[in-house]
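Have a look at the structure below, then the notes.
We just call them A, B, C, D and E in the order they show up, numbering each chain from 1.
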Amino acid sequence: QDVIRFGAPLPITGPLAPEAVKQQQGYDLWAEQANKAGGIDVGGKKYKVEIVYSDYQSNTPRSVQTTEQMITQDKVNFMFGPFGSGAAKAASTIAEKYKVPMLAATASSSQVYDQNYKYLFGTFTPNDTLTTPLTQLVKAKAADVKKIAILARNDLFPLAIAQEMEKSAKANGLEVVYFEKYAINTLDHSATLSQIKSLNPQWVFVTGYTNDLLLIRKQMVDQQMKAGVVTMIAGPAYQEFIESAGQSAENISSASWWHPAEQYNGKDIFGTTANFVKLFKDKYKLEPDYAHASAAVCGALFQMAIEKAGSLDRDKVRDELAKMDVVTFWGPVKFGANGQINSLEPPVFQIQAGKPVVLFPDAIKQGEFKLGVN
Amino acid sequence: MTRTNIALLVLITCVAALPLFGDAYALRLGTMACMYAIFALSWNIVGGFAGYPSFATAAFFGLGAYTTGILMNKGVPLTLSLLGSLVLCLLLAAALGAVLLRLRGHYFAIASLSLVEVFRELVNNATDLTGGGMGLNIPLVSGSSVLSDATFFFYAMWGLLLITALVVIAVSMSKLGFGLNCIRQNETASNMVGLNSTLYKAIAFGLSACFVGAAGGLYAAWVHYIDPSDVFDILYSVKPIVMALMGGLGSPLGVVCGAFVYLGLEEVVWRNYIQIHSGVLGVLIILLLLFLPHGLVSLHAGKIWRGLTGRKAKHV
Amino acid sequence: MSKPGHEILHLSNVSRHFSGLKALSDVSLSVNKGEVVGLIGPNGAGKTTLVNTICGVTPASSGVVTFDGRDITRIKTYQSARLGLSRTFQIVQPFAEFSALDNVAAAALFSQPGESLKSAREAARVHLAFVGLDAQANQSAATLTLAMRKRLELAKALAMKPKLLFLDEVNAGLNSAEVERATKLIHQLAADGITIVMIEHLMKVVLNVCTRIAVLHNGKLIADGAPRDIIKDPAVVDAYLGQQYAQRNAARG
Amino acid sequence: MLAIQVLINALVLGCLYACIAIGFSLVWGVLNVINLIHGSFIVLGAYLAWGAYNSLGLSPWYALLIAAPAFFVFGYLLQRLLLNRVITAPVLVTLTLTFGLDLILNNAMIYYFKADYRKLILNPPTGSISIFDVVVPVDRLIATASALALTFLLYLLLRRSKVGRAIVAVRLDRDAAVLMGVDVKSIYAIAFGLGAALAGCAGVLMALIFPISPLTSSAYLGKAFVVCVLGGLGSVSGALAGGILLALVEGVGSVYLGPAHAVTLSFVLLIIFLVVRPQGLLGRKGFE
Amino acid sequence: MLELNGICAGYGEIQVLWGIDMAVRSGEITALIGSNGAGKTTLMRALSGLIPLTSGKYVSEGVDLSKASAAQMLAHGIVHVPEGRRLFGAMSIEDNLLMGAYSRSVSRSELNRDLDRVYTTFPKLRERRNQAAATLSGGEQQMCAIGRGLMSAPRLLMIDELSLGLSPLLVEQLVAALRQLNSEGMSILLVEQDVTTALDLCHHAYIMDMGRIVRTGQGAELLADPIIRDAYLGVLED
């Protein structure tokens, strides 16, 4: 039986470990679907999908090492990128050297793509596509929001998105009364939050990974900090954030690249967004979030490109990816010259009654923006 | 020159033959092995000879990486940048060493550990120069193909290892090495016989930092992209110690063997156990410590013989 | 004083305290070249501290120390060693893993600039032979007996070619025969022109070798003079020697 | 007002830091072992509290009563069976051993609990009290009180009880303690067990305040290190002083220099402290 | 009180004691004299269970103690005051004394009575009871060490190097204290370099050399023996 091997480096241990689970679930779901359909059709011949996993211990140098190992030793045909912007950027150097197409499921920062590599593609639009609609929504719905405080984890993705936020806040006439980074591994934010509280911002914007956001949210409540708008990126899209934050998640707003409420009718193996959500729920008894979906769509995109190329030749598949212009359950997919997707319109949402409710774009809107976070 | 030092040079020479057999990934592993051997040898100058348990390896690795990265971004060629890393780490470590090495034992360990944190946060916050949390791109010094690239960096790292080993051997045979040995055994007495221990320790700390710094620079050029949490990873400090302990504290041959064996184990375990590799590695470390408390160098024929015949080894 | 000669060591008003505790207060003392000065005093009087202060191990809190006409109050230990001040430790401080030979070689090597390891080892053999440790030259210091380690201390101190030698209780814990041997060595050193300051509780040794005795009590110098006078000094008897000793001494005449 | 709020925050946080550090300090001070597994013990304690609350409905205060003996036994056995074999070896050997143990425990936790973050949410929530605009969260207050109580208990134990005196004696002079008839191996095991029990209890208390994940162990360990050195090794009151000092530096630093610099500041402070006063805030010179 | 039969012991592969036969009589002061490295300390360490015997046995009042641990020796009332005092420096005098009583399970009031007895023997200790042991002068430390030994309720007190590094005055005081304790019925085994003092104080003495007992006899008798004078007393005049 012929197989196509895909390499997927995952941060199974170390600080990013929770993300590894999501990515693996997304990849596995796609592989299962593809194999159930008989495999990938390459010029009339069916190939089974096999995904090779490895743990890079949330350590960027190791992700580079494992990428090379997968390409040279495990002889994978194609690569998925490691998690996040930093590792994807580092690993893409290897893919570029070996001329192996790499699809990064979770790299949004434009810095990842600024080397104009030919073999790297990513399914997250640039960070400003999240912050701009957010700002516009707040401007439109809460005119009295004048002051914003921004607190960012000092790490590639969270910091990049905070900087975008600062830009778009300034562009929209908001006053940025506080902009600070916090160190990775910070346990206590109470002093920082007390200070923010004393500045009386109407909008508090925080970035970080799920644990940072949970920590900060809890300590905001402890400090009895109230604000008209509280935005957190990227945790609130995750079910575990909502569960762990409980009551305090209410009215937190966020933005992400995908939402299960979207209604695309795709040409990929999953078809409609609803179908993807159903398949995912059946398999994992969980509501999928954007991280699951992005991993799955990466597989689906590879499948389409390979089938279109009708060959396993890496350059041909790469060219198909570069030319790609198609609608999927994830949304319309078209990559820019630098490899980053530029066709998505990321949704803005808010936690209401323990559920993420889409506020924007209007086409899939589920509810109205609510002010006031206690 | 002692027999073990000759054995060390022979071992390193053998490693140079790797490109004849291995592909690019093997070369990557070889490059890593050389890098860790440099760390372990360097650590041994302070930790093994002078007996000061330093955790500062990661600090100077990161510093060296960023120095080279920044210089290369300013158009300085690789060799000069590496020299820059080496000299900067040498001088800075010597200066810091003069102050920090007044501390003994645990206290020194903690202070050197804090150096890593301080350096990382300084680099993290000097956003204009280093890119901070956004990381730093380093221009490619690319050869033509994947393999020639890998070979280039392998030999570069190997060469650095050879230089490090030669320097360490020279130190071990010199007055400096003798003095560091005195300091380890009894610092009060060392001072009393006219040994300027502050100077000796500063030199030792400087030497133990400079090759680590150069290796950091080479690493940065090799991977093209660094960020603070990668290069100031505390594991770069811890692993050389584990390697030195596994190989045999104080013996240059031992620590290099320790480095190679540790990396070999890590690679095998990592490949075979996706979910539980770090646990398995932990078990191996513990078993090695319990059954080979004096390191691999103690594993010579006599020892095995005594072990088999059940006679107790002599403890001194 | 007993022997004429120029002043080699001078302390004026030297004090040293350890957070509140005054271990030395206003000690003024001078030692002339060629003298053998005994430094006695009750336990905790500050004798060891005085040596530490002179050698720069615990620098003086106030006061001035001069050696050979040079101010050495703030000098580093290793510098004092190179100037020709050497000492033995009350609690022996060998390089435990080194052989006896290398212990002494270290002393020769680092105290004299320009010495090479090879020539230091050669010099070390001579000093080991002098203290009678030549048979143990290759034995590691950790396995030597206490008496041998005390002799090793002495060999180390000698290898530094001292002008002024401090001996801190070199006889403590030695039996009478050993003490006698050590005393002979000290006599010989004095004859070679080395100035010696010795701290000692064994009065018979002190009386046997010292040309002068200084007495410390509670960090203060309470007496300084010829041995025969000192042991009759009531203050010294009260603080240090005890009535029994004085009586025995008086009985002997 | 901000100043007072920051000060209060720091006091409360300082006590929590002390609680994190105290077991670590005890083990380091008595056994001369830098116990790298301490952070993972704390996390395991937090899981215990989480599990007890979510599956048995047991409030964390009762979980303390389970955690203390359970961790004591765990620590006691670990020391008795494993660490005692290399206890006389140089410090780096025991350090490497605990490094290996930590790899195992942490990996096991990731394997069983998965790496996602959990949070113990009390129902109903405890809320915060505010006096003149100064806010203090009740759960932190309770945790602080418990931390102080634990600290005080340990202090009493070391100062007043026979076992406590033996622990101190072993720390000061192992051989002399043997001569007094002290069974050094079991005292070591008791000390390590106590250290583990304190870590477990700290974990239970931290579960109320911080998200729970195997991945936070290094953050706890880092804090324990700093607090312990600031306060003085093996000193109970020192841990408290060190904890509060650290919390103050972090708090003031993050307000006046920004939160990213607060960490740097605390480590720079640590280095300065080490060089100037290696015995720590309350350690006494010469009695290491 | 204590019978030693052919005791051999050492450190690892280094044998130090080569068949020691010795008897320590009840109610007497026994002195152990010998040149440096003769093995006196080693013998004491073996007797107190700090190092194991390689062969030989010792018996106290019919009980074989050859394999006893330090704690078991203490239980038999055999107490060792080690060379170099080995006080717990950061602990107060009183805590040091209480550590002496560690292996006994007695009531607080009995402990207080014993403390009182020690303080009566060494009044200086009562004065300084809360001072940290490390800050004491050498002689005070020696008193504290002996006091700590007394707190273990010894029937046989073994003291290694009684006068090491002590001023003549303090030696005088300690000797008086030991005489007093002995007159109250305590047996004492003493290692002492100052042969005159030791032979003067003891009832019986053993002389050790190279890990063997070479002479034994009554203190006064040995003191008069010219061979002993020659080998151990030296010619230095007092």
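Criterion: contacts are C-beta pairs under 8 Å (C-beta built on N, C-alpha and C of every residue); 3 or more make two chains touch, one makes a residue touch a chain.
Composition by chain, UniProt nomenclature: B, D = ABC transporter permease; C, E = ABC transporter ATP-binding protein.
Treat the numbers as computed from the prediction; the structure is a model and nothing was measured.
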Please work out which of A-D and B-C is bridged by more C-beta pairs in contact, and write that pair. A-D
On a CA-centroid basis, which chain has its centre farthest from chain D (ABC transporter permease)'s? C
Chain whose average C-alpha position is farthest from chain B (ABC transporter permease)'s own: E
CA centre of chain C versus CA centre of chain E: separation in Å? 30
Starting from the mean Cα coordinates of chain A and chain B (ABC transporter permease), work out the distance between those two points in Å. 37
With chain centres defined as C-alpha means, what is the inter-centre distance between chain B (ABC transporter permease) and chain E in Å? 51
Chain A and chain E have mean C-alpha positions lying a whole-number Å distance apart equal to 76
Two-or-more-chain contact residues of chain A, please, as numbers and ranges. 12-13, 154, 181, 183
Shared-contact residues (touching 2 or more other chains) in chain C: 143
Which residues does chain D (ABC transporter permease) have that touch at least 2 chains other than itself? 107, 222, 260, 263
For a test of understanding, state which residues of chain B (ABC transporter permease) touch chain C in their complex under the given definition. 175, 178-179, 181-182, 185-186, 188-198, 316
For chain C, which residues are in contact with chain B (ABC transporter permease) within the complex? 55, 57, 76-79, 81-82, 86-87, 89, 93-98, 102, 106-107, 109-112, 116-117, 140, 142-143, 156, 159-160
Chain D (ABC transporter permease) residues touching chain A - in the complex, by the definition given at the top: 1-2, 5-6, 9-10, 13, 107, 110, 114-119, 121, 125, 128, 130, 135, 137, 139-140, 209-211, 213-216, 218-220, 222-223, 247, 250-252, 254-255, 258-260, 262-263
As the complex stands, chain C meets chain E at residues 21, 40-45, 90, 143, 145-148, 169, 172-180, 183, 201, 203-205, 208, 239-242, 244-245, 248, 252
Per the contact definition, I'd like the list of chain E residues that touch chain C in the complex. 14, 33-37, 135-140, 161, 164-170, 172-173, 193, 195, 231-238
